[in-house]
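Next come two complexes, and both contain chain A; in the first it sits with chain B, in the second with chain C.
Entry: the complex of A and B
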């Protein structure tokens, strides 16, 4: 059975207690070996750090939700936007398949060589796969962000800083992606990128083909692949920064603690 | 504040939180027992063995 979020937090609390005990025992060792002794205050402060994370867990979730509402975005709108992307891609796919079928029916094989419709179909199918992956990842983040943060705290609580970087990565990535992903439609809108394709007004087949290659293909690559990828890379940069803040050597307690 | 005082306070707070959300008093009892253990063991260690 999958443990609940609070059970995970409870296990991390037990591990933090173990870390504290280990720190205290190392502190009390009768032989002053620096290599071992230096771990004592680190372990003690690490255990307190994890317990603080345990205590502020609900506060962090509340903060994430508040940040989302401050940005003026929500997950419902974001999922609707992703569904619109898939619908537009499916429409494009259907159009190209129809064109391909018409060319075959009217036995115009030379057109198939002039217009590489097969390659365009491959491109559209790849973009559809990319959008589907984005939807899956978004659903994962939306459903399990709180769980991932709790898992991150659990990793942080492993003694001797074994899981510290992994824990920090879990926490940082969950927070940044939970708050940042729904902002993607707004980001694309600010850059002037639309997922809706403009309707061509061709006078001839040649103009139609030219329009298709000069306008449609670049704009679908930009709107359906490049813009989301750039945005995800920006989010990855933010999450790397937050991860190092949570797990790195910058993670200090804001209060002075006497070890004993 | 001494480190064990902070640890005990946070341990009790977290135990209350978990037992409230899980609706199970066992978590609170274990947290309380652990706090008492930490208090006495750290007292002994700090008074007799710490260098």
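Entry: the complex of A and C
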């Protein structure tokens, strides 16, 4: 059984008090070696920092929800959008399979060799699995964002800054992806990328094939693979920045503990 | 022994060691500062140790109070 969020925060509080008293102990060491003594204010500051994170934990969750509503998006419409993507891909797959079957029925093997329909099937299936992975990751983040933040605080609270960067990465990535992922439909709409395909009006089979290769394939690669990937990379950049803000030199407290 | 009790025991042990080290550092610092050796750097080192010991005692006292307060308030809620 996995521990609950508040149990994890309780463990991090225990570790923070251990860190604090280790810092005080190092201050009391009776030999003035700077290399050891410099850890004392760092440890005390770290434990106060973890206590601050413990206190504002629920506030951070509330802030994330507020930010989502300020952006005007929510997770329900995002999941509906992802399901529409899967449905559109399934429709495309069905169309191509139908075309393949018709070609086979009417004994047109030359067409099967000329037009690489098998490649299109492979492409559509790959895009479908990519979308399914996107759905899985989104559900993971939607269900466990608060849990990941608590785990990040636990990593922050390990003495001597062992898990500090890991904790910062947990917290930053959870916040950015929880707020950022539901904005993906809006992002694609702003770029003018639609997941729906305009219906072809072909006069002949040749035009139909031409339409597929000139319009449909580039647009599905753009809408179902490139745009989400670009967006996720943008979010990764944001989360790297937020992680370094949480764990790095930006995490200064407005309290002077350093007496040296 | 669970991990929680281990960490709690470790914390109280560290606190005890911290107070003992404070007393030791206080004694050693004043001994060095008051020693009849006419080398300034040793006397200066003794004074540094005494200052650090005072800061350590301050943080130990404040920390014990605040952590006790936190656990008291948490147990009342």
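Note that in this section the second predicted complex is superposed on the first by the 254 of 260 C-alpha atoms of A that agree within 3 Å, B and C clash if a C-alpha of one lies under 4 Å from a C-alpha of the other, contacts with A are read in each partner's own complex, and residues count from 1 in each chain.
Rule of thumb we're sticking to: contacts are C-beta pairs under 8 Å (C-beta built on N, C-alpha and C of every residue); 3 or more make two chains touch, one makes a residue touch a chain.
Since the model is a prediction, treat every value here as computed from it, not as a measurement.
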Superposition on chain A - do chain B and chain C clash or fit: clash
Partner, of chain C and chain B, that touches more residues belonging to chain A: B
First, second, both or neither for A:15, with chain B first and chain C second: second
Which of chain B and chain C A:33 touches, first, second, both or neither: neither
Partner chain in contact with A:44 - chain B first, chain C second, else both or neither: both
Contacts of A:105 with chain B and chain C, given as first, second, both or neither: neither
Partner chain in contact with A:24 - chain B first, chain C second, else both or neither: both
Overlap of chain C and chain B interfaces on chain A (superposed complexes): 13-14, 17, 20-21, 24-25, 27-30, 32, 44, 259
Contact footprint of chain C on chain A as seen in their complex: 11, 13-15, 17-18, 20-25, 27-32, 37, 40, 44, 259
Chain B contact footprint on chain A (complex, rising order): 4, 6-7, 9-10, 13-14, 17, 20-21, 24-25, 27-30, 32, 44-45, 47-48, 51-52, 54-55, 58, 255, 257-260
Residue ranges of chain C touching chain A (in the complex, touch as defined): 3-4, 7-8, 10-11, 14-15, 17-19, 21-22, 24-25, 28-29, 45, 48-49, 52-53, 55-57, 59-60, 63, 67, 70
Touch list for chain B against partner chain A, complex: 1-4, 6-7, 10-11, 13-15, 17-18, 21-22, 27, 31, 34, 38, 41-42, 45-46, 49-51
